[in-house]
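Structure below; questions to follow.
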Amino acid sequence: MVETALFYAFAVLTIAGAILTVTLRNAIHCAISLIGSLAGVAGLYLLQQAEFLFAVQIVLYIGGIMVLFLFVIMLVNLDAAAKERQYHRHWLAAAVCVAGTGALFTAFLLRGQTLVKPAAVEQAEPVAGNVETIAVALFQQFLVPFEVASLLLLVAIVGGVVMAKKRI
Amino acid sequence: MNFLDLIWLIPIIPLGGAAVMLFFGRSLSKAAISVISPGSVFISFLLSVGAVFQLAGLHERLHQVVLFPWLPQLRVDMGYLLDPLSSVMILVVTGIGFLIHVYATGYMAHEHGPNHGGYYRFFGYLNLFVFFMLTLVLANNYALLFVGWEGVGLCSYLLIGFYFHKKSAGDAGKKAFIVNRIGDAGFILGMFFLFQVTGSLRFTEVNEALRSARFSPEAGVFGILSLTALLLFIGATGKSAQIPLYVWLPDAMEGPTPVSALIHAATMVTAGVYMCARSNALFALTPETSHIVAAVGAATAIFAASIGLVQNDIKRVLAYSTVSQLGYMFLAVGVGAYWVGVFHLYTHAFFKALLFLGAGSVIHAMSGEQDMRKMGGLKDKIPITFATMFIASLAIAGIPGLAGFFSKDEILWQSWSSPLGGKMLWAVGFCTAAMTAFYMWRLMFMTFYGEGRMDEHTKHHIHESPKSMTVPLMVLAAGSVCAGWIGMPKVFGENGFMQAIEHWLAPVFETGKEVAHAAAGHGAAQHDTTMEWVLMGLSIGAALSGIFLARHIYLRMKESERPTGGAMHPVLYNKWYVDELYDFLFVNGFSLGGGSMMARFDQKVVDGGVNGTAWLTRLVSTISIWYDTWIVDGLVNLSAFTVRALSYPVRFLQTGFVQSYALVFLAGVFAIFGYYWWVR
Amino acid sequence: MLHPITPEHYLVLSAALLLIGTVGILMRRNAVVILMSLELILNAVNLNLVAFGKQHGNASGQIFAIFIITVAVAEAAVGLGILIALFRNKETVLVDEIDLLKW
Amino acid sequence: MNLYYTSTDHFVLLPAILLALFGCATLLFDFLVFPDPRQRRWLLICLVLGEACAGIRFWRQQEFLNAYGGELTAFNGALTVDQFGLFFQWIFLATTLIVGLISYKYLEVREEHHGEYYGLLMLAQCGMFFLACGTELVTIFVGLETMAVTFYILVGFLRADKRSNEAAMKYLLLGGLSSGFLAYGFSVLYGIAGSTKLRVIAEAVSARNAWDPILLLAIATTAVGLLFKISAAPFHMWAPDAYEGAPTSITAFLAVGSKAASFALLMRLFFGPLGSARESWAPLMIAASILSMIIGNFAAVTQTNTKRLLAYSGVNHAGYILLGLIAGNPTGLKGMLVYLLIYTFMNLGAFLVLTVLTRKGLAGEDINDLNGLMQRAPGYAIWMLIFLVSLAGIPPTGGFFGKYFIFLALLETGHTTLAIIAALFVAVSVYYYFRLIKAIFIHKEEQDTPPLATSLGIRLALGVTGVLTLLIGVYPEPFLRLAQMSISR
Amino acid sequence: MNNNLLSVILFTPLAGLLVLMFIPSRQKTLVRLWANISAAAGLLVSIPMIVQFNRNAEGYQFMERMDWIPSLGVQYLVGVDGISALMVMLTTIMGFLAIFSSWDSVKEREKEYYAMFLLQQTGMIGVFISLDFLLFYIFWEMVLVPMMLLGILTLYFQHASQFGRYTFEITELMKLNLPLGLQQWVFSSFFLGFAIKVPMFPFHTWLPDAHTEAPTAGSVILAAVLLKMGTYGFIRFSLPLLPSASADKTIVTVLATLSIIGILYGALVSLMQQDWKKLVAYSSVSHLGFCTLGIFALNQAGITGSVIQQINHGISTGMLFLVVGVIYERRHTREIKEYGGLAHVMPNYAIVFAIAMLSSAGLPLLNGFVGEFTILQGAFDANKTWAAFSVLGVIFGAAYLLWLYQRTMLGEVTNEKNKGLPDLNWREWTVFVPLILWAVSIGVYPKPYFDILEKPVAQIVRRVHQTPSAVAAVPVNAEAVTR
């Protein structure tokens, strides 16, 4: 029961945050709404016993990425942009298209009952010792992507520097 | 020396002469040219004479020499055939050809300019012509005949356009070639039909086949044989200047006079007659076509004669006269009297060549003037020319004893009496005879009698032509007198000499005769001696009255008193407005109907100056151009346009706004889900 | 209303998040907000992964999610870098004013 | 489960390690060892050395596979080295090397020559390595993103150029969107199978109906992500803009390397795990292929920018290569490989000539900039002719055999209509390639322009691409055998 | 030598090209000289082929066989029969003359020019001798219609499904017994390729443009040889491989009609041209209409005539283009109205032009007549209406050429610039004389050509007229297969 209630709470937080993110005029407000949304997602991780992921979400996303965003927002002067029209001219077409796609998308999801065997819900054991499990998987089974991810981050760093610095 | 086996040399030697002239002529002296060129023809003449004598000694008067196979698909060889018909032709071609060559050495001697104004070129062409003409008459099959046929057309083109700096000369040459080509198209098709019907194009085999029982005469029906014969005849009308393809011949007078004499009087234009005589078996089998031939011949004869009545250009008179005489020959062929046609061809060669050469001599004396209205009184100044022309005029007018009389009279008689003939044909021929006498003597009186109407300068220069010109005239005059004696009417008595030509040619027309008999189903034409005498008398009367009428009008009457011919005069003078009719039909009618855009093209076409016969050409080419501009290019442009048009939607999408791209992206996603949802 | 939460709930929520992110990308003119919308999309994927992972009872889902977060970080960093470079040259962050390249 | 780093793991991963090491080394050397701009050629040499080392290791792998056959699986199935993967590794290797060679002069001219460039090239290749050899979703995705992020940077590498910025921005935003969809697809695939290993997924997928909604969801989102990467319509919109804005050498890399890598992944997924659901995705591919041919061809016709034109032609080629996937038989697979191989060389060659045209103060990207090339540099003109003719698919150049197999496969599998459509579009494509040829050979140069920006490296690269383009056309046997070998498991 | 005679012929120009590559482009004379030598060598090595050709044998001769792309079943398989032997000779002779004639006229970038020329020479010989369909297609280089490829592949598969072996070998493919519908589709796919190449109406629009762009030698070789690839394709591939479709009434009617339209249309449009070279180009359309008409008469006369006419067209149109080239070199304009009265200034030139023109117009005793006449005979046998219409083409042919001749050669010299133009020089003579001799020799004694063509054409005709069930493989002459 509590779980259900919490789910809806986090879900509402997530969705509301997301909607505000794409609708608010001021970019800083958007960022703050995004933080709310991400926090909602983090809560949902927690609900599913993904504690490690919860931590990553909070630390990395909310702590890292959002700071990056805020920095950029400060760096590039967005005041002018805030006074402008906020939506692209074809917003109506886009909305229709998105709504259509979304409807179909959801319909497919709900039709895909075969995916979720009712029994599976009960059988699903909470992943014991979440952090250990994650660690073992990450450094054994997912060693290669882990290493590659380091390359990815290296590239991102280099890229960020190359792009943002005035003179290399 | 076996001349018979050397007949292939007869055409080759003038070809050699032509090659020498055309390729090395520039470095040769005039004298050398004057020897080589006529000399080569003379050698041919000697060879011909030898061959003909040997031929006479053969039992079956036919000799073939096959050099090598030529067009295997049509089973056609480079093969030559000498028989009585071709023997007459080669003698005429080489004999008269030689005389005209000699004459030309004098006539063309005054050509100036670089390389003697193309003196060598002239003789080169002339020799080339002789080669092709001999190929034509010596060929043993239709295809090789066609080689000569086309070749003489080419030489005619080249020689008509000899003075190529004159635009009119070039135009005339082109007109001649193209009109001839139209006839040739008929001839080609005719040949294919013939090949299909008889399986061969060799004369002997064709005759053999036609004689066989496979073919029945097509009297009263117009069958495949008739079509074949008609197509061949269309070829003949082109070459021999018959209605409706005669228009080129008068224009062809742009060429030098010896050319007119040789090609457009004596030899080439008679090729059609020769060909029809050659195909006598075919024509004999197809009375329907023969009727057409006779009708066309008669119509041409009187039509051209009527035009000749009023022309003022001396050569034009002779040109129309030629057309008219050719009409006679076809009349003879059409009524089935093939030998008479050939006979007239042969006599006509003498007197018409003589007339042209005489006219040339006159023009020569007049420093190039051709308008008879500016002549007169030349009788004493150029006596030899006058005398010889006098004889020729008598001959063509049909005064008894001279060559023309015998052949023309025989034609008239045959057209009266032949089973294929008729009174109407005779009547037309009769009128023509009178008109012939009239216009010829009009020419004589205007040219040689009365007072000189030329200007002083010209008058001062009038002189008799050199020997090289007068001697051929005299030889031809002798011919004009005597040539007819070998073909006297039977009523004059029958013996081997008096009807020599008929007997000589008889084997050739044997086949035609046979099948004609089979066709008519009864004996030869009735031979009413009295009637023949009467008709002969009538025609002599007509000739004489024609002469005297001319004398009355053109010698006795003052210029102002002369009858103008009333309404008819302009009609005749303008040649029945045929050229204008062609122009009207082909040029004006077309442009009026065509609207403004068409008219613009038409302007180009008219400027182009292709003459009347190119009507169809113009129409279709205008359409073609139009098609090319609007449809074909249009299609190309259209496809380019389509490609471009199709690229606009792409441009519409690729607006440069990243969110538009995202929208397209999402639309793609939507389409995929939509497909999965609705289509499946 | 209080029936148990099944993976479908997560899936639908994820789909909603995905759509909202897409809406952001499609409609917002401000590039920074668009980049934020990208984060939303990736979060939607993560929700999916975690839900599936829980259902299958293995850690792969969560691990995948971690890598997705990494990717999101990298994309955001590079994206913001490019944004700064762009802003330096064009003085705008409104994407529909960026249309030098078209057709 | 194997807990140790085994020798097989090492053998398999070593080329990638070398590439990454040399990449990082280049980044370091850039400011530690060779800070002087004039020493940058050492960085290029570093790249060449790295490629050489990686090449030796690939060759070892190749020898091993040739000798023992089969495949090498490492890291518990995360990586698999097989003939198919190696085929692509060779393509990536050649591409990176050639791009490196042609970049040097170009970057000098554009005054954006930085050592990071070469490092990034190698890191991108490293990402491609995992794309072609990865057999596990996470590895694949991270590899893909490594490549993609590198490309975002490289596309925007001309930082002072607004168009480069813009291209990078657009590419990033759209790329992010497509990555999101791809990741979503992967997540659903994971949901279906409960594992990220392709082998397991293959079993799970084949156990399901091809029209299972959740499978359709996975297929659709995955396909969208991949079609975007190979720039097939209607997900191609980024390509013209990114190609135009990017540095020309990077355009070449993008057009060849990125596309080949994405195709490698596409083939791995759609011939592999998703192969059993062919009937449900084939219509998508057919539609995408036809649309690509339509849009690619017709849009290319009106282009005046050569790079843009080649971008659309790339869309068109993607459509052709997809036809092989649609045919789906071994011939089709072989056709795709042959096509990609040839496409690599001819397209690199064409872009190479474009980089040469870029000179100080002259972008060299307009069709008119090709005018009179024949007079100025007949060598380049004739090679360009060969590349264009090859792109158009006319024998005796390599491009012909690419199309040849595609047509063959389509006819074999009874897709006659598609074959006819494709053949007709070849005719259209000839139109715009010949526009370029016309400019080169017929049009006259307008005024005096600075000399071409050539260098030894460029000439070398030109020789390699040109000769291979011709060779594959004239004597394709060894290459066909290579492709044949690559598809035989 | 004998065993790989055809390869020698094929690769001699290529070898010349390779050497040419190493001659620096500054050595212009050397470049020219070498190109001439290579072309001459190409001509020389092709002579033994025609001398040793056994005209009594059926099937292909001098065959060579080698695996080329074994995995596709593609072979290097070359061989000639009468038709191709003549075409090869046409190529080598015209190629040599064209190169020779460029000595003075090409003055810039000689090396590239000659290199391309030699390369093209190889390609063209390849087209004519290759017996492997894919090989043929590859030599077909410039054909932009991949539709053909689809047709070829269809045959390839059909063969595989009927005989279980993948091959492109023509003699093998001939064994196929295809249903009419399939044949029709393959035929259409070939048709596009060949018809554009010929070019048949309405695909002819590229030709005049191409000619006006090309230099003289290019035009010569384009007219003389390249265009023949299309007609050759019809004879070599469409007819024997797809006999039922080729004999199909609709197809034949359509093609013959297009040919006739081409004949008349080309002639009429020529009539209106203001550009000398364009006029000649359009006349090509007309002549090639004859060639295709002959082919689709589908009888011995028609096809033989067509091949002979192809050679004739090569000679006479080649000459006409050379004639244009001569004057273009002197005056640098092709506007007809710029000229007039040239016969005064350049009498020899006028004679040469006259011969070229007459040969093109089909004057008897010159080459054009033999071909046209035989084609007309074939057309007549097939359908009298066709013959009637195409005979009109003969008339028009005379018209436009004579008019051209009149406008350029005859009349007074109206344009000052034309006064004092030099007449033909020895090099030009050297180009024209062999052509003229060739033209005359064909016109006077065409029998060797008919002989050499008799067997192969008969074979094709037999095949086309056989009922589909009786279609049998055409045997390859065992002796002629050297490997």
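Per-chain residue numbering starts at 1, and chain names A, B, C, D and E are given in the order in which the chains are listed.
Rule of thumb we're sticking to: a residue touches a chain if its C-beta (ideal position, glycine included) is under 8 Å from a C-beta of that chain, and two chains touch if they have at least 3 such contacts.
Please read all numbers here as calculations on a predicted model, not as lab measurements.
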Those chains which touch chain D and also touch chain C: A, B
By mean Cα position, the chain sitting nearest the middle: E
Chain at maximum distance from chain E, centres defined as averaged CA atoms: A
Pair joined by more contacting C-beta pairs (A-D or D-E): A-D
Farthest-lying chain, centroid of Cα atoms versus that of chain B: A
Distance from chain C to chain A - Cα centre to Cα centre, in angstrom: 6
Centre-to-centre distance between chain E and chain B (centres being mean Cα positions), rounded to whole Å: 37
Gap in Å, rounded to a whole number, between the CA centres of chain D and chain B: 77
Distance from chain B to chain A - Cα centre to Cα centre, in angstrom: 101
Shared interface positions of chain D, touching two or more other chains: 138, 141-142, 145, 149, 152-153, 156, 159, 168-170, 173, 177, 191, 213, 216, 240-241, 302
Multi-partner residues of chain E (at least 2 other chains): none
Touching two or more other chains - residue numbers and ranges from chain C: 18, 21-22, 25-27, 29, 35, 51, 53, 55-56, 58, 60, 63, 67, 70-71, 74-75, 78, 81-83, 85, 95-96, 98-103
In contact (per the touch rule at the top): chain pairs: A-B, A-C, A-D, B-C, B-D, B-E, C-D, D-E
Complex contacts: residues of chain E adjacent to chain B: 202, 205, 264-265, 268-269, 271-272, 300-301, 304-305, 341, 343-344, 347, 351, 358, 363-365, 369-370, 373-374, 376-378, 380-381, 387-388, 391-392, 394-396, 398-399, 402-403, 406, 409-412, 444-447, 450-451, 454
Chain A contact footprint on chain B (complex, rising order): 657, 659-660, 663, 666-667, 669-670, 673-674, 676-677
Contact footprint of chain A on chain D as seen in their complex: 1, 3, 13, 20, 24, 27, 75-76, 78-79, 114, 116, 119-120, 123, 126-127, 130, 134, 136, 138-139, 141-143, 145-146, 149-150, 152-153, 156-157, 159, 168, 191-192, 208, 212-217
Sites on chain C touched by chain A in the complex: 1-13, 15-24, 26-30, 32-33, 35-37, 39-40, 43, 46-47, 50-51, 53-60, 62-63, 65-67, 69-78, 80-85, 87-88, 92-96
Touching residues on chain E, where the partner in the complex is chain D: 68-72, 109, 112, 137-147, 149-150, 153-154, 157, 213
